[in-house]
Structure formats: structure tokens, C-alpha cells
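My questions will all concern the structure given below.
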Amino acid sequence: MEKINVGIIGVGRIGRLHAKSITYNIPDAVIKSVSDIKLDGVNEWAESLGIKNVYDDYHKIIEDKEIDAVLVCSSTDTHAQISIEAIEAGKHVFCEKPIDYDLDRISKVLTAVKKSGVKFQVGFNRRFDHNFNRINQITKDGVIGEPHIIKITSRDPEPPPIEYVKVSGGLFFDMTIHDFDMARFQAGSEASEVFAVGASLVDKKIGEAGDVDTAVVTIKFQNGAIAVIDNSRKAVYGYDQRVEVFGSKGSIEAKNDTETNTILRTEQAVSKDKPLYFFLERYMKSFINEMKEFFEAIKNDTETPVKGIDGLNAVIIAMAAKKSLEEGRPIKISEIV
Amino acid sequence: MEKINVGIIGVGRIGRLHAKSITYNIPDAVIKSVSDIKLDGVNEWAESLGIKNVYDDYHKIIEDKEIDAVLVCSSTDTHAQISIEAIEAGKHVFCEKPIDYDLDRISKVLTAVKKSGVKFQVGFNRRFDHNFNRINQITKDGVIGEPHIIKITSRDPEPPPIEYVKVSGGLFFDMTIHDFDMARFQAGSEASEVFAVGASLVDKKIGEAGDVDTAVVTIKFQNGAIAVIDNSRKAVYGYDQRVEVFGSKGSIEAKNDTETNTILRTEQAVSKDKPLYFFLERYMKSFINEMKEFFEAIKNDTETPVKGIDGLNAVIIAMAAKKSLEEGRPIKISEIV
Amino acid sequence: MEKINVGIIGVGRIGRLHAKSITYNIPDAVIKSVSDIKLDGVNEWAESLGIKNVYDDYHKIIEDKEIDAVLVCSSTDTHAQISIEAIEAGKHVFCEKPIDYDLDRISKVLTAVKKSGVKFQVGFNRRFDHNFNRINQITKDGVIGEPHIIKITSRDPEPPPIEYVKVSGGLFFDMTIHDFDMARFQAGSEASEVFAVGASLVDKKIGEAGDVDTAVVTIKFQNGAIAVIDNSRKAVYGYDQRVEVFGSKGSIEAKNDTETNTILRTEQAVSKDKPLYFFLERYMKSFINEMKEFFEAIKNDTETPVKGIDGLNAVIIAMAAKKSLEEGRPIKISEIV
Amino acid sequence: MEKINVGIIGVGRIGRLHAKSITYNIPDAVIKSVSDIKLDGVNEWAESLGIKNVYDDYHKIIEDKEIDAVLVCSSTDTHAQISIEAIEAGKHVFCEKPIDYDLDRISKVLTAVKKSGVKFQVGFNRRFDHNFNRINQITKDGVIGEPHIIKITSRDPEPPPIEYVKVSGGLFFDMTIHDFDMARFQAGSEASEVFAVGASLVDKKIGEAGDVDTAVVTIKFQNGAIAVIDNSRKAVYGYDQRVEVFGSKGSIEAKNDTETNTILRTEQAVSKDKPLYFFLERYMKSFINEMKEFFEAIKNDTETPVKGIDGLNAVIIAMAAKKSLEEGRPIKISEIV
């Protein structure tokens, strides 16, 4: 079988990460071309990975008949437009999350996918994390029975720059969006109602920018399960990423990953490693795994593991959470869509 | 110094437990008399602990001038009445939780305490648990900074009989009441708003009886902290009692206690002990400690560690939670009182 | 049934501990009399536990026909003599460990027991520890198959006074003796060969006193199992008491007990409680349990769980270890007895 | 700077593993040529990694002036001869462990290295394991003070084929050799005496082949530290690889790595992942890290982290252990060399 020719649009941090994953871990795929609006240092980097073409115009990738699959890793505001162009050109598309913040534009992407029949996958990488994936497998296998309560702890080690907070769409759109997808993933059901409580406890400037930095979001699912997410922009001890699913026959819980499994005992304390601090380190395996599954879906003509509807529904929950916070009441999903 | 003479009104499971704690662990106190409306086997039991007097009428205890302190361990509906009588007779009173389900009756007890100047303590034993107490100490010492998020996992191993559910006041009053107190205890602040989500997922009959068996309750506190409690009437793996306080400088979390600290490794699994199954076993130390502190408060004429206001405020939160569940909206504490 | 009348000979720390255990936990037994060569404060203490008679001559206990059982908690050099007198007077005897350091004197005690038919138990309390007992049960139940390797970590928080080291018989007799018994207990077999390596790394004075403070002892058992014990007189982080049994079908391991099950996460570290520091705290449950089982053996006329032969064989291993250390070679048990 | 040209002699499992590590993780090195006596499938594999030359005669690699560094991954009996040839041809050499089982032949390799001045590294990969390396760092930094006791648990999931046992040199040479190096690594000192106890408890055929499958080895080091290694050819629950260093100021201990950090709680048990089963999975990071450090030593002209003397001294300890087992007595290192 021939290799799948890949083009990557946008080679910032995440685009380069995927490029490396594909080069070193996906023998079935080869990166033919990359593009970016800024090309500083891109040529050297591309050469080091054996990538032939570097463009400053992504249309060259979309117009290339030999390209089979496109990774959309550009800025969020361009995701929908580029995805649609690539889909219409018959390319399989992996689109970084979120597809967009506008429900209409997301819908257009989904419509394009449906019409064309290409593979489309959204970059909710945490579904492919070894810990969270194990939880999902155990749950699906019925080991813990029907899910009743889903608990997600998701705390960043440090708040982003205040300038980022002002344009990101806020905590629910730039950070909790992953947790909303995780809740759906583990619940195996769709949300029906969302209630969000939040405050600006970490940094007053975040509050002044109209956002919260600490939040607890409760989600009711159609199958009866209740999810609760707690977020903080700042956990001084590191990147705290835990999930627990409690069901009728038991529970399955994922602890944080650490660099080592050592225990130090001194006169002062018995101590273990802090959680891995950086998201790239913490979720590296998941980034590789989502690429693997994307290309397997193409190769075997099977469904992608995270589809457009998943991209859409996480945004809908984020919208409900934001509205709930603003209005101080639970919001039914039916009020959003 | 002379020993404190104690009378215990109601010697069911909890009254007998306190009697044993006092006899074996509190050298400063001696149980002089006990009373109960049912005296089957009480005489034998009392004799085994060296208790002199056994009555079927609690007034004999209240009228006994030699009795310094009374433990009110009778049925909930009698707590307020008996407490007031004992207080007015000048006895120090330890009253099992809840004081009552009616705010007026609770207020009358508090007024009586204020007027008489006796010591009054409510039986929120979990504050005296070694794990939760450590959390409180660490938090008070400022080690984790300002509390931002408080997470309480509180799951029973088995639902109570359906007949009990019908009269107990429901999940929030018979079970979550402890967690409401724990949230206040760890937050170090008063609740301002409560939102409850619940469902009947464990046993349909509980739902038919008008109650829920699974719940997630979010509480906003005046100091900005947000607490979230998750409850289930049935955790098949045992009695799941965990608390985490997350703050600006770190977090402190209590795991479940187990019978042993052993790890078994076989071809099938690596396994540890399940959580202690029974609440008496899990909280035995806390029951002893609350007695110690009650009698120390009497001896040293200091404040009791859990006062009437604590009994009152936990009930107020429970009322808000119930109303929230019924009306599907967050309830401000100011709507209750 | 009538209560078992108990006399305690020697009411130092350990004698008083047993007295308290019996008073509060063994309804079938009552302490009638205690004796000690020093009576400072003994009367007050005895009164607080309701003990009637306090003597400065232990013969009064042995001569008392009403006394059924005697606890020998006096100094080690008197254990054998007093035990024999008590046994010959028809008393059941619980003798603190070690019975003696002289094989002949131990043998005389065992002969006396055999002749009289009374119950005799040696104070190897650690067999009754909840963790180590669980290991034993799992092993006996065949869950981990045949035992192959037994690992015992036994480290004290602080070395004893140098004066004690000079008279105690040394590390193997005053400290490792417990581990020798534990190894036999978990192996379910008798030692055949012992090899000891040791050094004076903690405190040079210990070496100058002719002893070691750090040791690793390897024991071959008749059933093929190999045990290895590591000792230190000083673990700065607390009292380190762990056991692991590895077998053909798995392993079972006991971790240290801690005061709480809390985890503190700060910018500096993720830390847990240090092991319980003091042996009385760590082994409190085991002291109570050994008393329970001693009195049950008397009540039900069954075998005691730790017999004279157990007291003898631990001393034999200690002798072999000492000889091994001195001669720098493995010592066969047959060289000792 | 130009890339370091690498030749790999022997491309079985371990040779291929290093090839992959270099290709994907060492930008400073490029594999130019590989050789093997069996070339089945080697060409396809080499092509997939972009390796130009495939030979059936390793001399072609040694004679190639462009090759800077050689990895000796052939069978053990050829390590010394090939290493010497490569060294004399001026190549830097990475030699898989063990260099040889004969002290003279090892000495010749070390002499050749000394004479030529090339870099020489032995494949004791476990020194580069994230857990064991952390232990070493903590120990070197003085955090736990002077090392007193070193405990190494090293148990394989399954015994090798009996045919392998017959030719491997036995447990101490094919398995414990890693642990001997680990003990030296963590002790930071040289062994002075070795005592080994062993038995054939897993499989009688191993005993019939003249080997043991279960062993406990005690090693005295010149700095006073005592190491104890326990080995089994069969731990049914997986590959058990733990190390603990106990010192004057504390201890540092490494637990097993697992695939996930999840905890499953059911009515039956609370269970965690079993240790990683396969050594390649368990030690993957260490294999990559040893390559990184080898090429860094070449690039920066610094010392390699595992030198010829380390290869020699581990074999000397293995010889002492074997002799100890045979003669039933501790063996001084001075009796071997």
C-alpha cells in the first residue's frame, strides 16, 4: 500500500508536534508539505524532518492532488474556513480543537464533511490519554456498571497571559472545553443541563477582564449521569489532571502522572513527585495516539474516533456554562441550540 | 478535681458507643445514669460498664442535681425538647445531630444555651476524624493558602431501608447534613448559595418515595470558596469518605482509611484493601475525640468545638439544597432564613 | 462463666500496657493483683484501673489460689525463673519476649509447661499486627502459593542509649529477635542456616560497645524459602516496619501505618505522613490482640498462638546470627543446638 | 557540526532497538551501516530507517573510515573481539553487556581502550532509567546522607527457556549482572565481599541444569554500605524492578512503573495496574537515554557514563556470587581478582 501524503497547515507548537509524531510513529503516513503565514525557521525545521515543501500559502496544499490528508493547526479563527476548503478538495481533515466558537460555522464544516464523505477528526487529544482511555474502556466494558457520577479535576499550573484571557473566549472555551469533551466521552451520553459557578480567586485581573479563574461546573446527562468539573487556572504543585467515574458496580479513577515513581523519606517528610507540570509532557502519548487513530481510520476506511459532532457538542456545553455563569441559573442545552 | 457526672438519654447504638468511649477514654467523666424508653438488655449492658442507674424516664436524669452533663442520644424528634429541659436544669449538653429539622425549634435550643451559659455541643463527629482534622489544621495554618475549591466525596456502602428514607427527611437531611457541616468546617466561612442536582439511580423505590439517591451539591461560600459534594447511597466497594481542599498555595486531600496497609500482587491484579465498610469502624476515633473535647470544654470552661450555630447552619444548607433540587435553581441562603 | 483472674508481675511500661488492654478489651478477664519491685506510683495507677492488690513480692501472686493466669512482664533475667514458678503453681503464663538468652533456661521453662499442661504464650506481639497478620492469612490460604522470598524491613527511629546496648545482648537479641520470629511466622518453616552482615554506621560508640547498628541477615528455611532482614538503629523518618512475602503465585506486602491518610501538595512537594514513630503507637492493636488470643486460648482450652518453642527458636536464630557475624560465615542451626 | 556516523554490528532485538532510538532521538548521529550474520529481513528493516549499507561481514564497518562510532550488539562471545578490532580502528565503541565472561578478555578490551583513547561505553541501561537515576541523583546530592543499606528487588515475569539457562552462564551472569551494576551504581563504592543464597524453587529443570531460579545476594561495599538483591525467575504479576537506598538522613525508593495510574474499585477489590510486564517496555526510556549520553560523550569529548571498569566489576561480583553459592561461604572480591 502507498503511504498517505499529509499536508500540515500551521506549524506552530502543535503543528510541529504532530509532524514529529507522524514522522517517527506513523509508518503509513509521510508529510509532503507544510504551510504557515510566518516562515521564520520553518525551512530548517522542515528539512530536519525530511519534509519536502514549505509554503506561505495554505492553498498550495489544498490544491495539491497528491495530498490525501490535511492537518489544520492554524489559529482558531481560520479552522472552519480552511477545513471546509480542504474537505471540498477531497482531503481527509484533522482539525485542532475547537473547530470554531460559532455554531453556524461549525455546522457548515459538519455539512461539508457529510457531503464529501472524507474522514474528519477533531483534536480532543485527551481521549487518547492512557489513563483516561483506560477509564473509558473499563466503563464501556461494564466493569463499573452504569455511570452515576463523573468527576473531573482539571487545573493548570499557571494562568495564561492576561492578553490571552481577553481573546480566548474565556476559561470555558479555552480550558474547560477539554473537560466538557471528557465528560461526554466518559458519560457516553449527551448533556441536557449545565450549571456553572465561578470566581476570580487566582488573579483579580482575570476578573477585571470579564473571566473567572476558578470554576465548578455541573452537567446533567440524558442517561442520568451527573458530571462535575472543577477548574483552577493555578495549581502551584503542577498540572492536575484527574478523572473518576463512579457507577453502579464500582468506580475507576485516574491519578496524575509523574516523572518518576520514587518516594523520598526524610526527617521532614515522605514525598513523591509532583504531577508533570507541562501539558505537552503530560499528554505526549495522547498526541501520538490521536494521530495513529486518525491515519488508521483513513487507511481502513473506518470512522474517526472524535467526529465533528464531538467538536460541536463541546462548544454547546461551553456556551451553556458561560450563560449559566452570567445568569446565575442552570441552562438547558435546548436553550442553546 | 471531682469527676464530671454524666447522664445519657437514649442508649441505642450511638448512646452506647459514647458510653463506652467515656468509660474507657475519659478519666475525668463518669456515667452515673442512663435512660431509654425501651429497657430490653439495658440493665445488663449498663452493669458491664459500671453504670449505677438505669431509668425509663429521662426526667430522672434531668432532675438529678448531681448530674453535670447530659448526652442527648434519643430519637431526632426529641432532641430539641430534651436539650432545652437539660439546659434549663443547668446541665451541659451534648446533642446528637441534627438538633432538629425545624429552624424555630433549633433557635429555641440556641436561645436556651445563651441564656443559661452551659456548654452545648452538636454531634458532628467527622470534624474530629484524624484525616479531616488534619486537613483543617493544615488549612488553618495557611499551608495551602486561601481555600478555593473544597471537594467532598461521601458515599454510603448501602442504601438505608426504604421505610427509613420515607421519614428521615431525605438524603440531604440524613446523609449530606454531615457533608454540609464538613464543607463549612473546611471553608471556614458561611454558605451564601446552594445548587443541588440529584437523581434516583441506585434504587427506583427511593425515587418513588420522593427522594434522590445520587446527588451533586455546589455551595458558594462568603469567602469566595466553592464547595462541591458528591453523594451516593451505594458504593459497592465500601464507605467512600474523602475530602480535598484546594487553595492558592496547594492542596490537602484525605484518602479512605483501610483495615490494613497491605498490597496483594497476583497474576490477576495488584490490589489493596477496600475502604472500611461500616461508619462506626471508619469514624470510631472521631467519636472518641468529640467526647474528649466536650469534656475538656466543660473542665476548662472553654468553648465547645461544635456549637449550636453549627447545628443550625448545616440544617439551613440542607433546606436550601432540598429547595434547589425541587425548583431546579440555585438558592440563596437569604431565601431560607 | 466466671472471669479469669489475672496477676501481672512487673508493671513497667509493657505491664501497664497489658493491664489497660485487659481492663478495656477483655471482658472475660479481670486483673486481681499486680506486683513490682518498685512501687512508686503503682498504687494510684492500679486504683485507676480498679486493681485490688499491689505487692512488692511476686510470690504473693503465685501463691494466690484464685489467680488463674500470670503475665510475666518483669526484667528479662527473671522471666524464666518466674515463669517456672508460676507454671508449677498451675497458672497459665504469658511471658514477655525473650523468655531468656540461655537455651538451657528456656528449655526448663518449656519442660515445665509440658509437665503441667498450662497455657504458655510468648510476647511476640507483631504476629498479631493487622498488617502482618493479613500477610500470614493470605499466605496460609495459598493465595500467593509457596513462599519463596520473605523480606523484612525493620528500622528503629533512634538507637537506644549506649548503656542499654552494652547489656541488651546486642542488636540481634534486643531488636532483630522480633524479625527472626516474623520470618519463622511468615515462612511457616524452621530455619536451617543463617548468615549475618553488619556494621556500625549509625554511631561509632555502638561499634565500640561491640555491637552493630546496621545489619542484613539472610535465613534459609527448611521449606526452601529464603528470608532477608534489614535492620537499622536509626531511620530518621520514623519507625520503618515492612514485610513482604513473595511466592509462586504472587506476593503480599505490608506498608507502614501512618497517623492519617492525607496527601499535601505544595509548590515544593507532594507529601504524605511519615510512618508512626513510636512502637507503642505502631503496635497498639497487636498488643491488644495478643491478650485477646491468650485469654481465648485459656477460655476455650485451645493452643496459644505463640508457644514456648517459638520463644526458643527465635533465640536460636539470634545466636546463629551473632556467631555468623563474629565468624564471617553462614551458620547452620545444627551448629547451635 | 557534522553528524556522527554510526555502524551497528548485530541487528537482533537490541541492535534494532538502538537503531530506532538513534534515528528518532539523536539528531547528532546517523546510522550509516549495519551488519549481521543473518540478513533475513534486515534490508527491508534498514531501508525503513533510511540506513544505507547492510553487510553480512562486520569488518566492512570497521574498515570504513567514515564510521565514527560502532555499537557492538552481536552475541556475547563476540563482544570482546569485535570491540577490540573497532577500538584499534579508532572507533568509539558502545558494547552491549556483558563485555565477556572471562576476566582476561575483558582486560584486553580495557587495555585497548586505554591505548587508543576512544570512548567506550557498556550497555548497563538501567543506570539511565528515570526512577533509578533519580535515586542516584538524590543520593549523590547528599539528601539521604551516607548510604547504609541498598535493596534491589529484581524479578522476571517468566523464566527463560531451559536451553538458554544452560548456556547463559546462569542467573548471576544473565540476570543479576544488571543488579550487581545497580548496586555499585547506587553504593558509589566497590564491593569487598559477596554472599549468595539460592534455590531452584520455580522450576526443577533449572536446578537440574545446574542453576538456581531464586536467589538472595548480600554485598559488602568498601564504604560500609550493605546491598541485598533478591531475584526470582518468575513473578506471576509481572516484571518487578524496585530499588531502595537507605541512608543516614533518609531513604529513596523506586516503585514499579505501570501502564496507567488508574485505580479500579469494585465489590471484590481495589486494584491498580500490574507492573509493566516486558523489559523493553519497562526500560525503553533508559535505552534511549544511554544512547543520548554515549553520543554526547563523543560530541563533547567527555567521559562516558558507564565505562569498561564498570563492565569488568559487575562480572567480578557475579563470579564471586557464583563461587559463594557453590562453596556456601562469603567470598572476598580479593579471592576473584
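Per-chain numbering from 1; labels A, B, C and D assigned in written order.
Convention: a residue touches a chain if its C-beta (ideal position, glycine included) is under 8 Å from a C-beta of that chain, and two chains touch if they have at least 3 such contacts.
Given the structure is predicted, the values throughout are model-derived calculations rather than measurements.
Trainee: Pick out whichever of the two, A-D or B-D, is joined by more C-beta pairs in contact.
Mentor: A-D
Trainee: Work out the mean Cα position per chain and let me know which chain is farthest from chain D.
Mentor: Relative to chain D, the chain whose C-alpha centre sits farthest away is B.
Trainee: Between chain B and chain D, what distance separates the C-alpha centroids? Give it in angstrom.
Mentor: About 58 Å, centre to centre.
Trainee: Whole-Å distance, chain C centre to chain D centre, using C-alpha means?
Mentor: Computed from C-alpha means, the inter-chain centre distance equals 42 Å.
Trainee: What's the distance between the Cα centroids of chain A and chain D, rounded to whole Å?
Mentor: Computed from C-alpha means, the inter-chain centre distance equals 40 Å.
Trainee: Indicate the residues of chain A shared as contacts by at least two other chains.
Mentor: 235-237, 240, 249-251, 265-267 - these are the residues of chain A that touch more than one other chain.
Trainee: Mind listing the chain A positions that touch chain D in their complex?
Mentor: For chain A paired with chain D, touching residues are 24, 27, 48, 130-131, 134-135, 138, 143-144, 249-257, 259-267.
Trainee: Could you pull out which chain C residues touch chain A in their complex?
Mentor: On the chain C side, the touching residues are 235-238, 240, 265-267, 269-275.
Trainee: Would you mind writing out the residues of chain B in touch with chain A in their complex?
Mentor: The touching residues are 146, 148-149, 151, 153, 155, 193, 195, 197-199, 201-202, 214-216, 218, 220, 224, 226, 228, 230, 232, 234-237, 240, 246, 248-251, 328-330.
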